[in-house]
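Provided herewith is a single structure, encoded as structure tokens, for subsequent inquiry.
Labels for the chains are A, B, C, D and E, by order of writing; each one numbers its residues from 1.
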Amino acid sequence: QTKVRFTLDWIPGATHGAFLIALQKGYYKAEGLDVTMDRGKGSAEVVRQLAAGVYDMGFPDINTVMDFDSRNPDAAFPVVMIGYEEAPAAIVTLKSSGITEPKQLNGKKLGSAPNDSTFKLFPIFARKTGIDAASVEFQTIDPALREVLLVQKKVDAIPGQIFNALLELKAKGVPASDVRYFMYKDYGLLLYANSVAASSRFLKEHPDSVRGFLRATLKGLKDMARDPELAVDAAVAFEPLLNPDIERERLKVALECCILTETVRKKGFGDIDRERLETNITEIAEAYNLPRRPKLEEIFDAAYLPDEKERLIETVLPAQRFKKSE
Amino acid sequence: MRKLQERLAPWVLTLALIAAWWLLIYLFDIKSFILPTPWETLQAIYKFRYPLFLHGMSTLATTLIGFVAAVVFGLALGILVGSSRLAYSGVYPLLIGFNSVPKAALVPVFVIWFGAGTIPAVCTAFMLSFFPVVANVATAFATIEPELFEVMRSLGATRWDITRKIGIPRSLPFFFASLKIAVTLAFVGSVIAEIVAGNNGIGNVMLVASSNFNVPLVFAALVVVGVLGVGMYAIFDFFERRMTAWSIRGGDALVQTIGG
Amino acid sequence: MRKLQERLAPWVLTLALIAAWWLLIYLFDIKSFILPTPWETLQAIYKFRYPLFLHGMSTLATTLIGFVAAVVFGLALGILVGSSRLAYSGVYPLLIGFNSVPKAALVPVFVIWFGAGTIPAVCTAFMLSFFPVVANVATAFATIEPELFEVMRSLGATRWDITRKIGIPRSLPFFFASLKIAVTLAFVGSVIAEIVAGNNGIGNVMLVASSNFNVPLVFAALVVVGVLGVGMYAIFDFFERRMTAWSIRGGDALVQTIGG
Amino acid sequence: MPFIELSNVDLIYGTASQDAASQTLAVSSATLAIEHGEFLAIVGPSGCGKSTLLKLISGLVQPSRGTVTVDGKKVVQPLKTVGMAFQNATLLPWRNIRDNVMLPLEIVEPYRSRQKIDRDKHRQAADVLLEKVGLAGFGDRMPWQLSGGMQQRAQLCRALIHEPSILLLDEPFAALDTFTREELWAVLQDLWSFRKCTVILVTHELREAVYLAQTVHVMSARPGRILKSSVIDIPRPRTLESTFEPGFVDLVHDLRHHIGLGKQQ
Amino acid sequence: MPFIELSNVDLIYGTASQDAASQTLAVSSATLAIEHGEFLAIVGPSGCGKSTLLKLISGLVQPSRGTVTVDGKKVVQPLKTVGMAFQNATLLPWRNIRDNVMLPLEIVEPYRSRQKIDRDKHRQAADVLLEKVGLAGFGDRMPWQLSGGMQQRAQLCRALIHEPSILLLDEPFAALDTFTREELWAVLQDLWSFRKCTVILVTHELREAVYLAQTVHVMSARPGRILKSSVIDIPRPRTLESTFEPGFVDLVHDLRHHIGLGKQQ
């Protein structure tokens, strides 16, 4: 049994179903892994902790990994499996604001934490959509508060992960029909998002454990794809304070928009499109003003992925692409 | 009569505060996702009593370890700083500088050193809470009447004798005051650390609850910390009444004057 | 001679601490994304001196407003709590309960009421810092020697006379101690609030810096807050030396004993 | 009707809620009538309740039984017209000697209202008094820089400065050497004959009592009762020479005898 | 070589860094030789430096010039063999009377090491002493529950309990009535003749000085110097009757005269 200290990106939830199911059904154990799973403290912290060896594996945003690896080549480590094939990044507004297309954000006020990954990508989004980023005003605000400020009309738009933002707004009494959002991916910003990464030391010392971990996670993912309710149950079992209804809804959105995307269903889970990732690296390096453009091999290492056959997912989900809101 | 009044006072005041809370919500029509009603909060406490209890105990344990360490360290440093002008002028500014820094920013550093878990929270509780003890003990020691020292010195007492038999007893009232400040800060410290980087505890509950839009549970968690704080206070109060009665023999002297 | 030693002590200690910091990094080979070296931090301070100055001033202003409000309120409440047993037993537990709660959790409520910006930060600084003043002033008032009261009462002094001429002067040493505790907490409070919801201030700098993995700048920001804290301390110290000299006539009495 | 009247006054220290063992009956059925302008001395064994009696008269302590009236009014709170010198010099440690002496002027009317205007006059008054008790030049010192006897003299000045109509002096000369003490006797006698205030002096020095007072009351051991009251009819102004005259010495011996009786009870 | 020796001792209060105006020359070229087992009294005007002299001998204060030697060794830190009764009763407010009296037993060897074992014996010793000074039954009271004179007596017990070889008493009876005072004279005389310790007594009562001491030293007004030393050759044990004998009264008058001279300077 190899010990694996694993950190999620944030609070455990149904979107982490793959990991939680694998943990609870003993898929990891079957691979000879003794996994401890902790909640994450945000992607940036996850990356630092992986680099420092506090955890062996984790679930950070790949874009944050790029950022870190570029600045700390000595401590760099790669992503070994993509989790979210499409980033849930979106700019969210209320319909009552009258904003119908991104360009209208010119001169408007955007509320976000400066360390929010969606916000950090906003300059690329702006360039792609013709927004004059310099004309947009920013309000620094904790992630927990941005939806409130949007409802209070103290800001005109907020960047955020779509499945969180919609639910947050709903909890504040705003139905999805009153919300308009612009997904980054619909404007040609085809980013990957949260992904499984491993510290460089763990990769070197236990390459087979990493492989085993990914295999077991895939098994969990397949369970989740077959029956999302399993993921909801696993999440509530892991963290009893969660509300299953909210988790269910969040998962539904997440699966549709970002996890079981068309590409995943066609080509299997976890791998990358080289060209697409290269483009991403270039865009991120520019947007983040990185000291150097990391090479793709530094960011992603496919060597630990199971075979493509194993990575194909059967899903009962309607093959319906997550649509732009109207 | 008086005694009964004194016993009832905190309850009456608590009820008044709850009423005010309710009134506020009623008058300004505050949405429950901003501020839940006391009733909703109570329901959340009941509904989640089991996790709240477990996480509460975890926070309490973390807090207590950090707090006890802070008291021991604070007492020692306070005695040093209060007994020597050189230590006072050397150490005090540094302590102030250190304590002006938000400890939350240092939590990730501790996580990286000590790993995720209880130790960073204990460290945070410790770091947040030792300074009031230092400040009060130092001031108490620095202001000891020389006459009391002379009594001891004329007996050829050692420095430690003087500290034990004069310094500490004389500082007790302000030591207890600093304990009260320190314990609240220890709670704040461990909860903050739990929010930033914990896997357990009330801070974690707050974070999960807020990510689930369960604002009543967030407030329930806050109430639990508050109650834990008051519980600690009750313990201090018990000892304080016994150990510092000599210092408050004046009782209500100021009130007696005009008859408040 | 002594005087010079005392003047140098804080600098020597600071240098020692910086050396220890460096040594730590050197010995344990700590990466700069965890803990930057003093030199990197200094470079960051120099490089970002202009924004650090501006944001530092903003934080200082916020802190001072909250701090002054806290001192005024804390003094008043402390006098009340220290002068009346009923107020003591009624108010103290509530204060403890309130202060055990991490104020960071309440910042959002203020942001929702007052909007993002300076007001929530001022409120946070205030809420975090008033309690030490209350606790110390209350204890000082409760332990005033009845003999001193009697002097005033035999002259037919009013309650306010007694407060002004006995209570406040006698409490001064511990009032100053509480100011030192309070000002550090006020800084922590405003920085925390700036992190949650501010467009200005050191907290904001820290947040932006950490989002860019610019750890040296984070520490530079921490150093700036620390220096601001020490600056405030220097001001208090100036007044304290003048106003409470009577209480420390003992000077180094404990040290003199054995010749420390 | 006498100016100050104590009728059947008991004083029990310790609150009613405490057990009886820790309660102390300090003064027991004390009855005393003091005329306006009288100079009274109280003597008695240590711990018999003399200081307590002064506190009862000043209203600092309320009787457990019986009543104290001053000027016809029952005393229920501290009087505003007394000057009190406590047994332990209770100077405020944060004020220098002059400011300590001037304290009553900041509290008591009419001085209080004129504080700002009369600042210099008040300072002078304090310095004059300090000089009278032999503390010229010590106005700027802090209390702890003075010897025990000097502190006591400074406290005496504080009791006198606002020219109170009732002067309560609790062993004001106990820490003084014979010479200083006798000088102050003269000062006090002059002051009293000039101002005609009512003076109650607690002392252990029988010569002092007889020299200064019109009536000397002897208290019994605790619980203190008034055992005997002697009227001293030595003519005034009395001088130090009077204290060596046979009549004076006899009075002292007589008082001594009665204190001895009181103590043995 | 005398047991305690002061040679040309000056004491200046106020640190060297302060301006000269706020410095006080309290004792000036004091020279004094005290034999082992001697009973010495010091008298002098208020503020002349008597308390300071005691502090110099006990090592609580270091001379600014000159040296103090005890038992042949220069005094550079507080002695461990003194019992000191301060002018103001400095009882620890957080201890009851008995625990206050027992304080020296917790500090001074050999009692200190036997504290745990001899706890009951020590308590008894304290109670016996308290009874001797008339405070039987007050052991459990807190200091503030005692009258001024009672506190002073409790403090005297504290100075005696560890049977120190040097006893420094600073006006130990100032707050006591004549009878209690005279009772304690007898107690002190007995104790001294029994234990043969060295006693230095500061007092304002000349009768007290002459009654108790072998030698009485008169100090001048500040800065205090030793003006005159009188050997009292009244045989022992002295009784209260002795104090009324002409020889005694003459000695008192002689001392009085010298204090008067000292004061006028």
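The rule is short, and it goes like this: a contact is a pair of C-beta atoms (placed from the backbone, for glycine too) under 8 Å apart; a residue touches a chain by one contact, two chains touch by 3 or more.
Remember, it's a predicted structure, so these values are computed and weren't measured experimentally.
Participant: Can you identify which chains form the pair with the largest number of contacting C-beta pairs?
Facilitator: B-C
Participant: Can you name the chain that lies farthest from chain E, using the mean of each chain's Cα atoms as its centre?
Facilitator: That would be chain A.
Participant: How many angstrom between the C-alpha centroids of chain E and chain C?
Facilitator: Centre separation, chain C to chain E: 48 Å.
Participant: Which integer distance in Å separates the CA centroid of chain A from that of chain E?
Facilitator: 84
Participant: Give the residues of chain A that touch two or more other chains, as numbers and ranges in rising order.
Facilitator: 48, 52, 144, 148 - these are the residues of chain A that touch more than one other chain.
Participant: Could you list which residues of chain C touch at least two other chains?
Facilitator: If we look for residues of chain C contacting two or more partner chains, we find 34, 112, 146, 153, 157, 195, 244, 247, 249, 257-258.
Participant: Two-or-more-chain contact residues of chain D, please, as numbers and ranges.
Facilitator: 78, 88, 144
Participant: Can you list the residues on chain A that touch chain B in the complex?
Facilitator: By the definition above, chain A touches chain B via 7, 10-11, 13, 38-39, 41, 45, 48-49, 52, 54-55, 144, 148, 167-168, 171-173, 239-243, 246.
Participant: Which of the residues in chain B come into contact with chain E in the complex?
Facilitator: 147-148, 150-157, 161, 165-166, 169-170, 172, 244, 246-247, 249
Participant: Chain C touches which residues of chain D in the complex?
Facilitator: It comes out as residues 55, 58, 60, 78-82, 84, 86, 88, 90, 92-95, 103-104, 106-108, 142, 144, 162, 168.
Participant: Please output the residues of chain B touching chain A within their complex, sorted ascending.
Facilitator: Against chain A, chain B makes touches at 31, 33-34, 48, 50-51, 108, 111-112, 115-116, 196-197, 199, 204-205, 207-214, 217.
Participant: State the interface residues of chain A toward chain C in the complex, per the touch definition above.
Facilitator: These residues of chain A touch chain C: 44, 48, 51-52, 67-68, 71-72, 74-75, 111, 113-116, 120, 138-142, 144-145, 148-149, 152, 154, 288.
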